[in-house]
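Input: structures, listed below.
Two complexes, one shared chain (chain A), two partners (chain B, chain C).
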Partner chain A sequence: MSSEPIIRTENLTHLYSEGLSSEVAAIHNINIEIMQGEILAIIGHTGSGKSTLIQHFNGLLKPSTGRVFVDGKDIWESKQATRESRFKVGLCFQYPEYQLFEESVYKDIAFGPKNMGLDENETGIRVRRAAAFVGVDDDMLERSPFDLSGGEKRRVAIAGVMAMEPKVLVLDEPTSGLDPRGRDMVLDLIGNYRRQTGNTVILVSHSMEDVARLATKVLVMNDSQIAMCGSVEQVYSQGTLLYEMGLNVPQITRIFMGLRSHGIDVNDGVFTVEQGRNEIARLLKSRGVQK
Partner chain B sequence: MIRDITIGQYFFGKSFIHKMDARMKILISLFFIILIFLCKNFFSLGLVAAFTVFILSISKIPFKLILKSLKPIIIIVVFTAFLNLFYTKGGKTLYEFWVFEITLKGVYSAIFMAVRIICLVAGTSLLTYTTTPTSLTNAIESLLSPLKRLHVDVHTFAMMMTLALRFIPTLIEEIDRIMSAQKARGADLESGGLVKRARALIPIFIPLFVSAFRRAYELAYAMECRCYNGGKGRTSMKKMHFTYRDGVAFAVIALLTAGIFILNFNIRAVI
Partner chain C sequence: MKETLIEFKNVSFSYDNEEQTPSQAVKDITFSVRKGEFIAILGHNGSGKSTVAKLTNAILLPEKGEVLINGMNTKDESLTFDIRRTVGMVFQNPDNQIVATIVEDDVAFGPENLGVEPAEIRHRVDEALKTVGMYEYREKEPYKLSGGQKQRVAIAGILAMQTECIVLDESTAMLDPRGRREVMNTIRTLNREKGITVLYITHFMDEAVEADRVLAMNDGEIMLDGTPHEVFAQSEKIRAAGLDVPQAAELSQMLIEDGLNLGRVALTVDECISDLLAILEVSR
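Moving on to the complex of A and B:
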């Protein structure tokens, strides 16, 4: 693995309705480096430019100014380079289930690999591999995507992007609108995917809990700009700053902060329920309470 | 690009035109289309163009917005202009190459057609820019009400038209979203022959239809929940009235018509 970032942006700015009175800079002067193998979470209030930013990684949006490099190559250098970036960076939009169109789940997942020009055999292998990641069995592959439940559709749609086997998988709010079980399933599959393939994952999320569970690095967007970037601990310890940006630390973290302010000696670097349980178990043990 | 289409949108305002009776606006719009095609020479067309600029400026719709709404028809305008440029023969030959010949008359008719189309689109789109969908429905219903005697369900028809207009921007946004999603999966919409391009539309249109049906169901439920059950016995809270404004508009249009006729036939007499 090289130390060269897989995605790098240079003074990236994007204006919507350029030249009109309604012109807005949805992202402004963004410089980031995303390393191979990271799970980067992008958080920020509504309209802070998260979706706009990620659509630059695979060349769907063209920067108004600035440059985007994928794998060290400027993606707007040539038409060829732009098209390559589509396959190197797999982007899965918010509510991706509305993009399903084929008559069977298999064919829908195969849409991406087919567009890459892969042969029938290789396509088949990739479809099955992607289907396995998201827990879609052979029986379901033959069904119509329109007959599935919301959560199943969501997983099929994610598989459709995974099947292109991109070096970077980008997911825009993959858990929005799902029930807790569907949410856990999607989060688990993202974690598994990252562990098994070692590929980079970029995740846009509104849920601070989800981010704490998965991310190795957190990027906070505020008013079209990068406000913070660092590890979960670094970012989540800035509670008041996050609050000013319309964000909040997870509920469990607030509980532990509250405990601490009441003089109970707990670690306040607790961001997931799991960590919370361990911390309480440790505390009980140190006070000599047995289960 | 696709988001630039603004047909059927309403822009809030308080101008003279916004306040006119919607029925009058519809009738004038229809009459305006006829007038544009009655223009026979540059003098009368110039008058229509001036009138179009005039109504656009008093409507206080931002000029840039109107330019933006004209962007999607640029191709049609250019295409028509080119056809006229090459296929109209007569007058002095200005330029010649291979089998093409550009004549003075060709240039004139190219400009004439371009101005005509632009006036047509800019002038008539003002109707929906300045009229809320509700008053548009009421106006259509009121104008078509004589057909009720023939047992035509005028109310349903008017409601259908309004809903169609209302959903144009929504569907455009939806197409934009689906196109991005399929492009992210490597769909190639920009290259290949006609057949390949037509095939490339399948992944766009199927999700679009699916979501349009979903929206239609949701809308129908929402309307039912508010006790909508067709037009029978329905009265409206805001009655439409003709006001002095409509009288003024009528007079202006009458003058415009007279002007066009005079300029069409009696230029000498005017000059």
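Moving on to the complex of A and C:
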């Protein structure tokens, strides 16, 4: 891991309707450093500025004031730098399956790499590699994307961004609307992708359970600003504060917060069911309970 | 026993598919809903949940079997109007179901189409907006509202038609945690205080446990039908059908496996806390 952040923002502010009476800051004075290899989860209520923020990472939005650096380079310093940021930071929007449009799955995944100017051969290699990551078999590549199930379409759309092999993969609500099985497949593939490539992943999510499973770091946005930034443990231990911001903590965390408020000496740091099981076992053992 | 509002009798349905052989979305299902019930419907994508929803107010008609709403057969076109006045639907995407540019006009759209008197419409719109807690937003533009607020406006639009039953098809899927809470609280109030029958389709298990009854669908069939405790006790079946159990239930089951005498599988945070307290207090 290098010590230079892969993405860094400096006093980043974005105003909508700039100069009009309806002017509003969608994000205000954001300073963050995102390191190589992290899985950063960005959480916050609707309208808190999450989507506006991520659209600055590859130059889709231009800062009203402040700067954005990708790989140490100011992305607005030249046209070329802006273009490079598009390929270094791959953005997968919410409900990306609505953006599939080609006549075959292969062509849809190949769209990004072709746009980068890669030749047929390299494009083919990348399409197959990305398809393998998301669990799309070779025989599915020739099918029309419109014949696939919702979960399959979602994975094809994610593969389309992965095929550009960006240094940073940004996913806006990658599991929303999926059923539990589809959700688990997407979460697993994100984890595998990160482990195998070592690339940075940024995840925007409303699901505190998903975030607890994957993230190495959590950024909480509230009213256009950074409200908290830290490990899952640090952020999830602020249950009351999160609730006030319109967020929540996982059910399992609420159970242990409840036990604690009843005077039981349990650990605050319970975010998954497995951790809960171990914590109860530890507690009973410390009290010498025989089962 | 309260009277029946919705009755599915051996209902099957397939979607037309030009290229592939048609597959049955719903296979010979039979169940009924009594007035005032709050039913959650679970199932993986493609299990037939949304098809069931659309069969309840004649958006889809059964291929085989019958759907009766207050005794009215959905196949009888002359009754379609009365059926839709009885069962209203709220869909997933809040942006796809708002038609007007002002909140109160949107809520008035339904009763206007039913030919309700203007003075009565005014009264119904105000009442409906108050019920969902959106009265102070009545003169706002819908696009300025949050997702949860838009869904509550959509619910108000149904209330203003004075329907007896609301069907919500994954209406919280696109909302943030606060929006989900708002919609769930609204629905619970409507069910408890106004006696409105609710069919609530969801992938969120913590929402499903709030219902009186849970139907779990799998491959076009009803796999489980019972109280939340009865249904989630069958965790292996639930998982095999690609669904979740609430985290509280998962934890209690694990602890029971570990030899802890919890007495039951808890479904909610409060149940789980009180079960664990009972055990932990004794060991103090």
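Definition applied: the second predicted complex is superposed on the first by the 268 of 291 C-alpha atoms of A that agree within 3 Å, B and C clash if a C-alpha of one lies under 4 Å from a C-alpha of the other, contacts with A are read in each partner's own complex, and residues count from 1 in each chain.
Criterion: a contact is a pair of C-beta atoms (placed from the backbone, for glycine too) under 8 Å apart; a residue touches a chain by one contact, two chains touch by 3 or more.
Model, not experiment: these values are computed from the prediction.
Participant: For A:151 in the superposed arrangement: first (chain B), second (chain C), both or neither?
Facilitator: second
Participant: After superposition on the shared chain, which partner residues are touched by A:206: those of chain B (first), chain C (second), both, or neither?
Facilitator: second
Participant: Contact-wise, after the overlay, does A:46 reach chain B, chain C, both or neither (first, second, both, neither)?
Facilitator: It touches chain C, and chain B stays clear.
Participant: Under the stated touch criterion, which partner chain does A:276 make contact with: chain B (first), chain C (second), both, or neither?
Facilitator: second
Participant: Does chain B (first) or chain C (second) touch A:57, or do both, or does neither?
Facilitator: neither
Participant: Looking at A:247 after the superposition, I want to know if it touches chain B, chain C, both of them or none. Which is it: first, second, both, neither?
Facilitator: The answer is second: A:247 touches chain C but not chain B.
Participant: Once the structures are superposed on A, label A:287 by its partner contacts, choosing first (chain B), second (chain C), both or neither.
Facilitator: second
Participant: Which partner, once the models are overlaid, touches more of chain A's residues, chain C or chain B?
Facilitator: For chain A, the partner with the higher number of touched residues is C.
Participant: So in the superposed three-chain picture, is A:100 touching just chain B, just chain C, both, or none of them (first/second/both/neither)?
Facilitator: first
Participant: Which residues, counting only chain A, touch chain B once they are in their complex?
Facilitator: Against chain B, the touching part of chain A is residues 19-21, 55, 58, 60, 83, 86-87, 90-93, 96, 98-101, 111-112, 115-116, 146, 160-161, 164.
Participant: In their complex, what parts of chain C are in touch with chain A?
Facilitator: Its residues touching chain A are 19, 43-46, 92, 146-147, 170, 173-179, 203, 206, 242-244, 246-248, 250-251, 254-255, 258-260, 269-270, 272-273, 276-277, 280, 283-284.
Participant: Spell out the residues on chain B that touch chain A in their complex, using ranges where they run on.
Facilitator: My answer: residues 62, 64-65, 68, 177-178, 180-188, 202-203, 206-207, 210-211.
Participant: Help me check something: in the complex, which residues belonging to chain A touch chain C?
Facilitator: 45-47, 147, 149-151, 176-182, 206, 208-209, 246-248, 250-252, 254-255, 258-259, 262, 264, 273-274, 276-277, 280-281, 283-284, 287, 289, 291
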